[in-house]
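Just so it is clear, A, B, C, D, E and F label the chains in written order, and each chain counts residues from 1 on its own.
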Amino acid sequence: YDKDAYEGNEVAGVVTGLAWTSVGGDILFIEASLSPGKGKMTLTGNLGDVMKESAVIAMAYIRAHAQELEIDHRVFDQWDLHIHVPAGATPKDGPSAGITMLTALTSAFTQRQVKQHLAMTGEITLRGKVLPVGGIKEKILAAKRANIKEVILCKSNQKDILEIKADYIKDMTFHYVSNMMDVVKLALLPVKVKNALDISYREEGNKQKQD
Amino acid sequence: YDKDAYEGNEVAGVVTGLAWTSVGGDILFIEASLSPGKGKMTLTGNLGDVMKESAVIAMAYIRAHAQELEIDHRVFDQWDLHIHVPAGATPKDGPSAGITMLTALTSAFTQRQVKQHLAMTGEITLRGKVLPVGGIKEKILAAKRANIKEVILCKSNQKDILEIKADYIKDMTFHYVSNMMDVVKLALLPVKVKNALDISYREEGNKQKQD
Amino acid sequence: YDKDAYEGNEVAGVVTGLAWTSVGGDILFIEASLSPGKGKMTLTGNLGDVMKESAVIAMAYIRAHAQELEIDHRVFDQWDLHIHVPAGATPKDGPSAGITMLTALTSAFTQRQVKQHLAMTGEITLRGKVLPVGGIKEKILAAKRANIKEVILCKSNQKDILEIKADYIKDMTFHYVSNMMDVVKLALLPVKVKNALDISYREEGNKQKQD
Amino acid sequence: YDKDAYEGNEVAGVVTGLAWTSVGGDILFIEASLSPGKGKMTLTGNLGDVMKESAVIAMAYIRAHAQELEIDHRVFDQWDLHIHVPAGATPKDGPSAGITMLTALTSAFTQRQVKQHLAMTGEITLRGKVLPVGGIKEKILAAKRANIKEVILCKSNQKDILEIKADYIKDMTFHYVSNMMDVVKLALLPVKVKNALDISYREEGNKQKQD
Amino acid sequence: YDKDAYEGNEVAGVVTGLAWTSVGGDILFIEASLSPGKGKMTLTGNLGDVMKESAVIAMAYIRAHAQELEIDHRVFDQWDLHIHVPAGATPKDGPSAGITMLTALTSAFTQRQVKQHLAMTGEITLRGKVLPVGGIKEKILAAKRANIKEVILCKSNQKDILEIKADYIKDMTFHYVSNMMDVVKLALLPVKVKNALDISYREEGNKQKQD
Amino acid sequence: YDKDAYEGNEVAGVVTGLAWTSVGGDILFIEASLSPGKGKMTLTGNLGDVMKESAVIAMAYIRAHAQELEIDHRVFDQWDLHIHVPAGATPKDGPSAGITMLTALTSAFTQRQVKQHLAMTGEITLRGKVLPVGGIKEKILAAKRANIKEVILCKSNQKDILEIKADYIKDMTFHYVSNMMDVVKLALLPVKVKNALDISYREEGNKQKQD
């Protein structure tokens, strides 16, 4: 039972990524959650150093592009961010969850809903470029099996998709990007999730907000 | 004498879990205790990194769902939380104590009594899903031997129960869940323990509270 | 000269434990000492992680049961606690010094005198249970050789005592406990040591106290 | 696709360096980014200790020469600095990115545009000297392949350039330096990038600046 | 030239100890130095964990017995303490420098002069006991060679001295102690060193003290 | 090109030391630099623990002897100190750079010019003694090759100099010291460097100083 299926988009901050391990491709979930706090970031899920760096880069990019993402930069100091990647028993590493992290964090801070049946894979950089990653064929087979309909990839990974038998993926849509802002535009809907958290800035700090 | 027996539910914060080791299944106790403080979390019991992460995820989930759990979120900064898992000489790891941690911490912060003769096993996630775990057969045999009457498991582990000889477990009740909130609803009684701590929020801070 | 003898009970915070090593049993001393401070805990004596955890659990238990132990909980933030276990050249580990730690710390914070010619061995938990430990026979032989007259043990270790030749231990008294509070009641006398420190709470903080 | 090409100079803080690995030379990008903060430095990109030290030295040099670089030294405490070196999966180490780090950080704090089609390699010191580095031939071949037109090098590395077939590099310009300030003068244009951040000092701190 | 000779007692805080290594005995110097600060302790000299613990225990004992040692306990928070043990290239460990550390720190905080031509070796405990150490014969030969006239040892080490040919040590004096306070009384003269630091408590803190 | 030559004395805080490695002797540069701050010390240059300890000891000595060195002790809390030892790719360790560190730090805090064509090698202690070091012959050959005219050494290293062919070193001057204050007196000129930093104490803190 360790091959996962797509699980819906009701919760802000949860985005579907694609993983490639020695036993083949699989989907994975990046879970980002906010609680009243002071800007601390917590990472769980048995993550290696490179994968942890992806979260740090994603957060740095969001901080530097807060205005463009329509996030009041002052809220970063009023919430603690927790990022988890199930399952806990599986060690995970590598940069390929970068755009998934970016999307999950942006969704958490905007409470915007993630597009349905969407998955993604790609490395992020600090200057906003999306970099290509490996294992594309295995990841796409896993995505199809998990009921994913659309996939976001780096433009440089297009050639890997072209090597897959066209008939097999004829009912899937692929988006090729080279800019991180394009990922967010493709992945997040303009509407907020139901029961969205109120992340707007509070003059008196977060304490008062929840009386 | 290292096969433990069920020990009652008089104390808030103590919940029975199920463990699976190379020498078979056993029950274990998650002990959560609060003392006046500032929101620090301490973990003891020879725990590995993945098991420590379960505690961090449980706490993050409780913080994010404080209202639903009827906990004033402001008390998190007025108490220190200590989680211990006896026995100290045994190294422990893995994510399967997740729902047991969640229940123990919720009981500590609400002082609600834990249901009698209940044990549980299952991984937790940040978005509130319960994930399946391994070693179910051995864990259930240990639960029966330890006088456990009810067990909470992930829905995906139901197939593992069906593989156990029905006659052997005919006097046990199994609850299959996929949502973490359901674990709390099943495991915690509406009443508080006797001599419950007063965890309500104090305007002047915790110091004054105990004069 | 590394087999130690009992050394009296003049000093608060010093309690005799029982150790079991590859070269046989021995007694050991848990030394707990307070100095004006802010609640910091320092551990020395070449201690392994599990033994350090015993000190943390003992302190958590004392904090949570301060009222029952007749300690004003506010003094915990006005003193620094140092715990040392001689001798420095010997690495030490394991949970069996738990009740000895508990007794030493309680004696330090109450300045109550420890019962004469008493030793003890047993693991502690956060919920107040005493757990059994190994090496009982070797420990008891070492206790007798060191002039110990009374020993506190976990109830589950009674069977280990029954295996020792009765004649050999006929002049020793054994106390079997399952609750940590019972250890304190058995081990600490109601009187304070001579020249006891004044640990009562000071309004203005500890600084003024010692002008 | 892991041999990179030159990518333009639109963004302040991004500078092209030259790397030398077991599989030959390559260009790399040092990405430096500022966000409102308190002077914290974050380093990502799978960097070894010596490469991290380069960033620390570059920052120390910039702090000590702020006036000469026309940076108000008070802004260092009003911004957090993040330095990333893609790609995340590749471990990187050594001191040869020093002058590239220096240029990237200076560009970030001044928002001055980096000269077009420029790359560089050289170690930095605290007293302002540029030191020679290895792998020059491989680095230059990679630079040419990546469409680099000008290269900054340590004066002591001139002999390495003279060993390369002159015809091959006839359309490239080489700048030999021994002083770190000369690198900045050669590499950064007097103009700021489009949409430059406003890094000037704010009396009331950075918070107010972005209302 | 790595066999050291006695070097006088002009400086407060410098005390001669005895070491025992694979190449025989030697004397060593514990150097303790105070500078205006906030109570920080710094340890240098390539020290192992057990030797570092000796310094921590010595400091804890001095804090707890400040009155008896005629030190105003408030000065501990107004000075930083640095302890160094030359030579830097030699790794050092073990508890046997304990009483030497205790004497050096007490001399630093009282500025009392150390007795001439004195060396010492012995482990310390938190409750004030001096414990025996090994390598006595080699240490005493080294002390004699280094022009030491008096040696302080644990009472339990007396038997080791009796095994040394009496004629060889006939011009040396040995002091056997079991209590740490006796070490200080034997080792420190009532007079202060020339040009002693003024360690008395300052109302306004240490800053003003040195205007 | 990794055998360095003497580089002048224009910059305060830069002092020439002597190193001895498996490939022979060499000179090295200790670079100390101050920037407005709060007393933090940063060490770079691929330094081992013993070499880092030399910097800590040098700083402790300077703090304790500030008056004698004519440094206002209050400035230590108004500047951050960075010490770098090029080249970054070479791991360095050992105590022999001690007096070079001491001289570099004193020059940085006084802005006094270092004597021309001077190098040095020797271990430092906390009580002010200079200790002998190894590899003297190789270090002196390297010093001569690098155009060094004067060398400061420990008195105990004089015998190593006498073993070098006199004719070879006839145009070099050797200073033998046993006291650390003598190193500073020999190495630093009474005049400040050109464009010296103003390190004097500022009432309002360092912030105002650079408006």
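Just so we're on the same page, a contact is a pair of C-beta atoms (placed from the backbone, for glycine too) under 8 Å apart; a residue touches a chain by one contact, two chains touch by 3 or more.
What you are looking at is a predicted structure, and each value in this text was computed from that prediction instead of being measured.
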item	value
Minimal step count in the chain contact network, chain B to chain D	2
Other chains in touch with both chain B and chain E	C
Centroid-based (C-alpha) most distant chain relative to chain D	C
Fitted rotation between chain D and its twin chain E in degrees, CA, nearest 5	120
Chain A-chain E separation of Cα centroids, rounded to whole Å	59
Distance from the mean Cα position of chain E to that of chain C, given in whole angstrom	30
Residue list for chain B, restricted to those that touch at least two other chains	none
Touch-based graph of the chains, sorted into line, ring, star, complete or other	ring
Chain order around the ring, beginning at chain C and proceeding next to chain E	C, E, F, D, A, B
Touching residues on chain F, where the partner in the complex is chain D	1, 7, 11, 13-14, 29, 31-36, 42, 44-46, 82-84, 86-89, 207, 210
Touching residues (chain side chain C, partner chain B) in the complex	49-50, 53-54, 56-57, 60-61, 63-64, 73-74, 94-95, 98, 123, 125-129, 131-132, 156
